[in-house]
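Read through the structures below before going on.
The two complexes that follow have subunit A in common; it is paired with subunit B in the first and with subunit C in the second.
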Partner chain A sequence: MLATMLIYIFGALAIFSGLMMILYRNPIHSALWFGLVLFSLAGIYALMQAHFLALIQILVYVGAITVLIVYVIALLNFDQRDLVGKVTILKGIAVIVAAILFIELLFYVGGLYVKGIAPPPEFGKAANIGLATLTRYLFPFEVISILLLVAVVGGVYIAKKD
Partner chain B sequence: MKLDINYFVILPQIVLTFFFLLQLVVDAYSRSTGRKSYVGYLALVGYALLAAIPVVVWGVTDTGFNGMVLFDKFAQFMDFLFGIVGILIVLIAPRYLDDVGRDRGEFYILLTASLLGMSIMVSTTNLILFLIALEIMSLAVYVMAGFEKEKGRSVEAAFKYFIMGGVASAVFLFGVALVYAGTGSVDASLIAKKVAGCKVLPVVLGGLTLVLAGFFFKIAAVPFHMWTPDSYEGAPTPATAFMAVGVKAAAFAGLMRILIVSVKPYPLVIEAILWTVAFLTMLIGNFMAVIQDNLKRLLAYSSIAHAGYMLLGLLAYKNGGLSAVLFYLLVYAFADIGAFAVLIALGKDGEPVEYIDQIKGKASIHPLLGAAMIIFLFSLAGVPPTAGFFGKLFLFKSAISAGYIWLAVLGILTSVVSLYYYLRVLVYMYMYEPSDVVPARQSVSVGIGLAVMSFFVLYLGTVPAKFIDIAIDALKKLV
Partner chain C sequence: MPYNGILIMAVILFIIGITGVMVRRNIFIMLMSIELILNAANLVFIAFARAFADPAGQVIALLSITLAAAEVGVGLGIFVAIRRTHNTVNVDEINLLKH
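Moving on to the complex of A and B:
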C-alpha cells in the first residue's frame, strides 16, 4: 500500500518537475528541475525492486550529469534575453506532432497495463546484475569499453588545439 | 548461466580491435618522436584482413556468448563488404586530407573504430549489443564528419549529425524499451517467438515503429533525411563517402537482421510504413538532386534516393528482395565511393572540388578521370552494362513479383529523373571549355582506388549472377 502510494507520489513529482524543467526560462533552474526528474525516477526504480539501478541513477545522473549540465550552462555565459522564444509555424507543427506521438504512446502503453509482464522476484539485485554482466552480457560489457575509448579519442581530437 | 566464450565468432572484431589499439599507440608514438605517422598503412592491413577472414572461413558458421554473437554467412558477407569499403576509403582519403592540410592519423583510427562498430552490428540480433555497436560506429563517424575542425561547415556538419543522431539513438532505445515491455526480451529471435502465432501487442508495434525510425535516420530515408545534405556537404569528402556507403550499408544490414528476424511476415502497420517511406524517399531524393549545384549535395540526395530503392528490396523480402539489397549495397559501394573519389582526384591544394562549375571541362585535361566518372555515374543511374543496371533490375524484379508494382514503376520513373542529374555532371565535365588548364596533382593511391572501383563496377555488371548467388547463399538462414 505504502509502495503504491510512493510510486504515485514519485510519478507525480517526475511529471511536475519535468514540466517545470521546460517551462522555466532560466536554464540553470531548468537543469535543477531536471535533477529532480532524475531523482524521482530513481525513487520509482527503487520501488520496483531495482535498488542497484536506483543508486546508480542518483550517483551518475543526479550526481554527475546534472552537475555537468549546470557547469556547461555556467561556462556558456549567455545573455538571458536571447532565450526569449518566438512563436513560429515550425514550432506549432512541432507541438502538433509531439501531441500525436504522445497520444499514440498512451495508446500503446495503455494496452500494456493489463497484459504487462511482471519482473522475476530476484530482479534488479546488485548480485544478479553483476552475474548478468559477466556471463550472459559479457560481450556487450566488453564492447562498451571500446565505446568509451572511441569517445575519448574523438573528444580529444575535437577539443585539442594543434 | 555459463560463460560461452567463443573466440572464433568474434574473429573480425578481435582483428579490428587489435588494429584500432595498435594504430592509437603507433600514432601517439610517432607524434611524440616527430615522425610522419603511418597508421594509414596499418589500416590497410587491418581492413584487408577483415575482408580476407570471410573469404577464408566462408560457410563455417557458429554462435557464441550465449547466442549473443552470430557469425553466419550474412555477417561474413557484410564483414567482407566493410573490409572493401574501408580499404577504398583509406585509398582515397590521404589525398583529400593532404589538400586541406589535415593529414592526421586520427582519421584512420576513427575509421577502424567505426568499422568495428559496424562489424558487431551485423553479427547480433540482441538489441542492446546492437545499440552499443551502433553508438561506436556513430561516435566515430560524428568526429570524422567534423574532421576539418577549423572549418565552420565541417563543424556544422558534425554537429547536425551528432544532435540528430543522438535523438535518433534515443528514439531507437525508447523503441527497444517498448518492445521489451511487450515481449520481455531484447533479442530479435526471441521477440519473433513471442510475436509469432499470437496477435502482436500494440506496444510491440509501437516499439518496432520507433526502432524503424532510428534505422531510417541512419539510412537517411525521407522524412528523416533533413540532416543528410548539410552533413554530407560539410564533412570532408572521404568521410562523406564513408557515411554514404559504409554507415548506410551497416544500417541496412542491421535493419534486415532485426526486422526480418523479429517480425516475419510484416504486420500491416510496418508494411505501410515501409511502403510510404520507400515511396517518399525515392521521390524526394531524386527530385531534390535535380536542383543541386553543389556536387556533394547532389550525391547526398542521390544517396537518399538509393536508400529508397533498397527499401523496395526490404519490402519484397519473400521474393529475393534481400539478396537484391545485398548485391545493390556491393555495387553502390563501388560506384558511390568512386564518384566521390573522382571529386577528390580533381581537387587542388586547399581547394577541394564541390561545385559543378569547378569540374567544367575537366575531362579534356583528365580523360581517365572523365571515363571513370562516366562508369560510376552510369552505374548509379542504372545504365547497362554497368553493375548498377543489374542492381536495380534485381530490386525492381523482386518488388514486382512481390506485388509492389506501383512502387517499382515509381522506382523506374525516378531512375529516369536521376539520369538527368547524373548526365548533367557529365555534360559539365565534357561539353564545356576548362576554366584553367593546370592539371590536378596526381595521386597513386587514388589512382589505384579508381582503377579497382571502375573494374568492379564493370565486372559486377558482366557476371552479376555469380554475386547474386553468393548473396542468396548468405541470406539462406535469415529468410
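Moving on to the complex of A and C:
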C-alpha cells in the first residue's frame, strides 16, 4: 500500500517536471527539470524491484547525460534571441495531433488489465540481470557494445575542429 | 502493484515528449524530449518485467539506457559542430548541410 502511494507520488512528480521541462524557455532550467524527471523514474524503478536499474538510471542518466547536456549548453553560450519562441499555426496543429494520439493510447491502455504475479525476492538484483545479460541476451549485449564504441569515436570525430 | 496507473503515467510522459519534439525549436530541448520518450518506454519495460517476473524487460531497459547514452554523445557532438558553422541552436535556421 505504501509502495503504491509512493509510486503515484513519484509519477506525479515525473509528469509535473516533464511539463515544466518543455514549458521553460531557458534550456538550462529545462535540463535541471529533466534531471528531476529521471530521479523520480529511478524511484519508481526501485519500488518495482529493479534496484540495479534504479542505480544505473541515477549513475548514467542523472550523473552523466544531464551533466553533459548542462555542460554543452553552457559551453555553446548562444545569444538570447534564440530563446524567443514564436507561436505559429503549425504548433497548434502539433498540439492537436499530440492530444489525439494521447486519447488513442489512453483508450488502448485503459482496456488492458494486468494482474501480475509476485516475483521471487532475488528478482532485479545485479546477479540476476547479469546472468540473463550474459547468457540469453549475449548477442544484443555485444551489438550494443559495438554501437557504444562507434558512438564514442563518431562523437569525438564530429565535434573536433578540423 | 498499480500496473494500469504506471502504464498511464508512461503514456503521459510519452505524449509530453512527443509534444516537446513537435512544439519546441531549441535543439537541446528537442533532444531532452527524445530522451523523455525513451524513458517512458523504459518504464513500460520495467513494469512488465515486474508483472511477469521475467528479467528480459530489465535487460532490454539496460540496453535502452546504453542506446540513450550513445545518442546523447553523438547528438551533442553534432550540436557543437552546428554551433561552429551556423551559429544558432534553432532547428528552423539549420537548413544547409554545408556552410
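The working rule: the second predicted complex is superposed on the first by the 143 of 162 C-alpha atoms of A that agree within 3 Å, B and C clash if a C-alpha of one lies under 4 Å from a C-alpha of the other, contacts with A are read in each partner's own complex, and residues count from 1 in each chain.
Assume a contact is a pair of C-beta atoms (placed from the backbone, for glycine too) under 8 Å apart; a residue touches a chain by one contact, two chains touch by 3 or more.
No experiment lies behind these values; they were computed from the predicted model shown.
Look at A:74: by the touch rule set out above, it reaches neither subunit B nor subunit C. Of the two partners subunit B and subunit C, more residues of subunit A are touched by C.
When the shared chain is aligned, subunit B and subunit C each come close enough to touch A:158. In the superposition on chain A, A:3 makes contact with subunit C only, while subunit B stays out of contact range. Contacts of A:105 after superposition: both subunit B and subunit C are touched. By the touch criterion defined above, A:147 lies against subunit B and subunit C together after alignment on the C-alpha atoms of chain A. When the two structures are aligned on the shared chain, A:139 is found in touch with subunit B, with no touch to subunit C. Annotation: subunit A residues 105, 109, 112, 115-117, 136-137, 140, 144, 147, 150-151, 154, 157-158 touch subunit B in one complex and subunit C in the other. Residues 104-105, 107-109, 111-112, 115-117, 131, 134-140, 143-144, 146-147, 149-151, 153-154, 157-158 of subunit A are the ones that touch subunit B when the two sit in their complex. Subunit B meets subunit A in the complex at residues 1-3, 5, 10, 17, 20, 24, 64-66, 68-69, 104, 106, 109-110, 113, 116-117, 120, 126, 128-129, 132-133, 135-136, 139-140, 142-143, 146, 149, 158, 178, 181-182, 184, 201-203, 205-207.
Of all residues in subunit C, those touching subunit A in their complex are 1-9, 11-20, 22-26, 28-29, 31-33, 35-36, 39, 42-43, 46-53, 55-56, 58-63, 65-74, 76-81, 83-84, 88-90.
Those residues of subunit A lying in contact with subunit C across their complex are 3-4, 7-8, 11, 14-15, 18-19, 21-22, 27, 30-31, 34, 37-38, 41, 44-45, 48-50, 52-53, 56-57, 60-61, 64-65, 68-69, 72-73, 75-76, 78, 82-83, 85, 91, 94-95, 97-98, 101-102, 105-106, 109-110, 112-120, 123-124, 128-129, 132-133, 136-137, 140-141, 144, 147-148, 150-152, 154-159, 161.
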